[in-house]
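Shared chain: chain A. Partners: chain B in the first complex, chain C in the second.
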Partner chain A sequence: MVALTEDTAFHGVVEVLIEVRPDLAEHRDRITRDTGLFYGEDPSRPALELDSMDALELLSALERHFALELSDTGVRVVDLRTVGDVVDAIVRAV
Partner chain B sequence: MESTSTSEHPNYFNDEQQESPEYAALRRNPEYVAMNARLVERIPEQARDIVDIGCGDGAVSETLLDARPGSSLVGVDPSPALLAAAEARLGSRGRFLLGDASSVAALLSPCSCDVAVFANCIHLVEDLPDALEAVRRVLRPRGSVVINSAFYAGAESPEDLALYTDLIAAARRKAKSEGLVLERRPVGRPLSLRRKTSEYVSALEQAGFADITCEEVPFTLGRPFLTALCSTPMFASVALAGVERERAAQLMVEALETVPDPVHVTRCCAYLTARCP
Partner chain C sequence: MASGGRDGRRVFVTGMGVESCIGDTPDSLWEGLVSGRSGIRRMSLEEPLPCEVGGVVEDFEPLDYLKPQQVRRTSRFQQLLLAAVIKAWAAAGRGRPPHALYVGTGGGGLQEAGEVVTTLRARGWTKVNRLALLRLLPNMAAGVAAQELSVVGPVQTVNTACASSTDAVGMGLRAVRNGGADAVVVAGVESWLDFPSVSSFVQLDTLSRRPAAEAERASRPFDRERDGMVPAEGAAALVLESEESARRRGAQVQAEVLGAASTCDASHLVTPLPDGAQAARAVVGACADAGVEPSEVDHISAHGTATRLNDVAETRAVKRALGERAREVPITAPKSVLGHACGACGVIESVGLIMSMRHGVVPPTANLECPDPECDLDYTPLVARPWRMTTAVKQSFGFGGQNAAVVFGAA
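Right, the complex of A and B next:
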């Protein structure tokens, strides 16, 4: 399997986020590795304000996009605080 | 309270609404009932003509009628099955009309209501400005709109994310172990479920309402509530997309049974009130 670069993974994760939350498309350029994922996570950090249902859809969409079985990798949503955390988890999993 | 002809309703139904009887367990849940009892407390004492929008099976309608003896109530809901359940529950104590929030202006006479109630359903209203405009038209001067919702951006506690996601991960593992195929396509929940309380306040202001109040009240919800929530299509069909709804709900409930006690989450319910000038 060809290793996934961090940059490719980042862009893939952003695409998946927008698939889950189409309203984020207009803020695409503001999404960085440091962007928080969840609502109320850290008031000082810009967040995408995902809720628990978004988180589940995100996992499912990541599996489809990257052809992964995240449930086999031990990745837990609660360990993913930022977009960068998702990117790192995907790179490790692939 | 006068109503207009109900013989030619538009078809407001969709698949989700036709599945509404699956929400029965949630509606019967004591914590859910308590959430709605707090809503009833916010209805002005002098209100007599009440429209209960999204009345469902009439559970809140019944609470309203018990709390305001002598009042007149019209329940409006887009589900024929739920309206039939409401009629069976309350008989001639109320009148129940087929329609959604935006249709109340066509169903009821102008200035015929003292209060319009949205009991935990405003998050399902897609065109909020249209609905609030319709509500304003049927309210009398100084008439009130009273709303609650436990489904809005910020209703969840971030600390509970682990429970929600671990629960669903367990259900998904069980589904896969049974050979069920999960879809990996975002379900695309309506944006109305993501509104912030500030958006509700703004919409009320823009619809011309005054004296707007908004209070967020935290609730600690235990295993019975979560079991009821797991059994709803809104939750189960998103968590286990691709699995037949009834089986998805069963899997969610079975997964919850594997989570050791204590099981509880904290969720906020937003209560909004406003008056016509």
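Right, the complex of A and C next:
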């Protein structure tokens, strides 16, 4: 299998985030690796404010989009704090 | 109008909502019941089963009640309940959220549980839906509905098999009459028309085996040719409100809930007590709770599953409860057109009973062409009957010897 580039993974993750949370489409251009996934207490750091069910749906949607398994990679929702964390988990899993 | 319970406030029904195989509004449900129009059709499952027929809620569109994201996250039993609850609450027209929500269900998310196991065996644990548990736990239909209606009081799911939602009505009655709640929602839901669930009932040998070509004739409560229950799905909800609250806001009152009671046969897990003694005690107890004599009952909506044993035992129970009066009371068996929606049947059929009282007509028991000699009460065969009703009983009996009865009064 051809290795997935980080850039391709990033764009794929953004597409999947929007699939799970269509309201994020209007903020697409502002999503970066450093964007927080969940509620962010620091107002200076942008966050997508996914809830726990969004996160579980995200994992399933990522599996479909990238045709891979995440359940047996050890990745846990609690370990995914930023979009970058998700991208890295995808790249490792491929 | 009857004077209400022995103590406590009067409790009115001020809203109703329903999803059933013969209608998705109280009016359409009524039209189906009073015309004896069956909602039972051919039921296609993954593999053929001896049971070929069922009561499916056709054309149900969850997007009418839920956002796409919510539809993705919920199972059918959650969606059906939510639709019924939303409609009942909207019909009541009350601004503030209900104080409590009581939901009866027999199997909960049985269909979802079946899919979990099917996926597990076929594709492995990593392919099981990550949200499956939230879609199958029996309390999670109430959970979704509570979130939608912002219910922060008691949100409780009761499981007494086929008596579940009748028991839910009793819980709601007590919350308003004695517990100080101004308004609560009581509801029932069942969605179990999936291959694993229907297979389980087939193996228990409780289901009708009439062929699909005879679907509308398959459910035959109290008939000599009956051969078992017909599975069905559905949901319904009632808003129960205190008299003070209803009158203060000028609510339209559909009926009054007068009393409720539950008993258990403590005898056999499937077969009802042949003499109907404990089932009768539930009816007598509900009347006592209502402050009425059993002789004042002028209509009964029977459980009438069309199994050989239930219908005989139920006949005996009615005779025990009402005594000589039993032969003078017209009884109807709504499962003859609705099929058996298990945990939901109590509230679905209560909507039908309330509509009967409002219209002053007892719906016919469909397919009752040749009554079983052992079921020799007036089960209103085939033809609807004008009949003024002031005090009517909804009775339900479930696996495990569960018996529940509610007494309704006319508005």
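The rule we apply is simple: the second predicted complex is superposed on the first by the 89 of 94 C-alpha atoms of A that agree within 3 Å, B and C clash if a C-alpha of one lies under 4 Å from a C-alpha of the other, contacts with A are read in each partner's own complex, and residues count from 1 in each chain.
Note that contacts are C-beta pairs under 8 Å (C-beta built on N, C-alpha and C of every residue); 3 or more make two chains touch, one makes a residue touch a chain.
Note that the structure is a prediction, hence the values are computed from the model and not measured.
Student: A:V78 contacts which: chain B (first), chain C (second), both, neither?
Tutor: first
Student: Between chain B (first) and chain C (second), which, if any, makes contact with A:D88: first, second, both or neither?
Tutor: Neither partner.
Student: Considering only the touch criterion stated at the top, classify A:E15 as touching first (chain B), second (chain C), both, or neither.
Tutor: neither
Student: Can A:M53 be said to touch chain B (first), chain C (second), both, or neither?
Tutor: both
Student: Does chain C touch more residues of chain A than chain B does, or is it the other way round?
Tutor: Higher number of touched chain A residues: B.
Student: For A:A61 in the superposed arrangement: first (chain B), second (chain C), both or neither?
Tutor: After superposition on chain A, A:A61 lies in contact with chain B alone.
Student: Show me the chain A residues, by the header's touch rule, that chain B contacts in one structure and chain C contacts in the other.
Tutor: On chain A, the overlap between the chain B and chain C contacts is residues 53, 56-57, 59-60, 71.
Student: In the complex, go through chain A and note every residue touching chain C.
Tutor: Touching chain C from chain A are residues 53, 56-57, 59-60, 69, 71-72.
Student: Within their complex, state which residues of chain C touch chain A.
Tutor: Listed in rising order, the residues of chain C that touch chain A are 72-73, 125-126, 129-131, 134.
Student: What does chain A use to touch chain B in their complex?
Tutor: Spelled out, the residues of chain A in touch with chain B are 19-20, 22-23, 38-41, 49, 51-53, 55-57, 59-61, 63-64, 71, 76-78.
Student: What does chain B use to touch chain A in their complex?
Tutor: 153-158, 160-162, 164-166, 168-169, 172-173, 176, 182-189, 191, 194, 235, 238-239, 241
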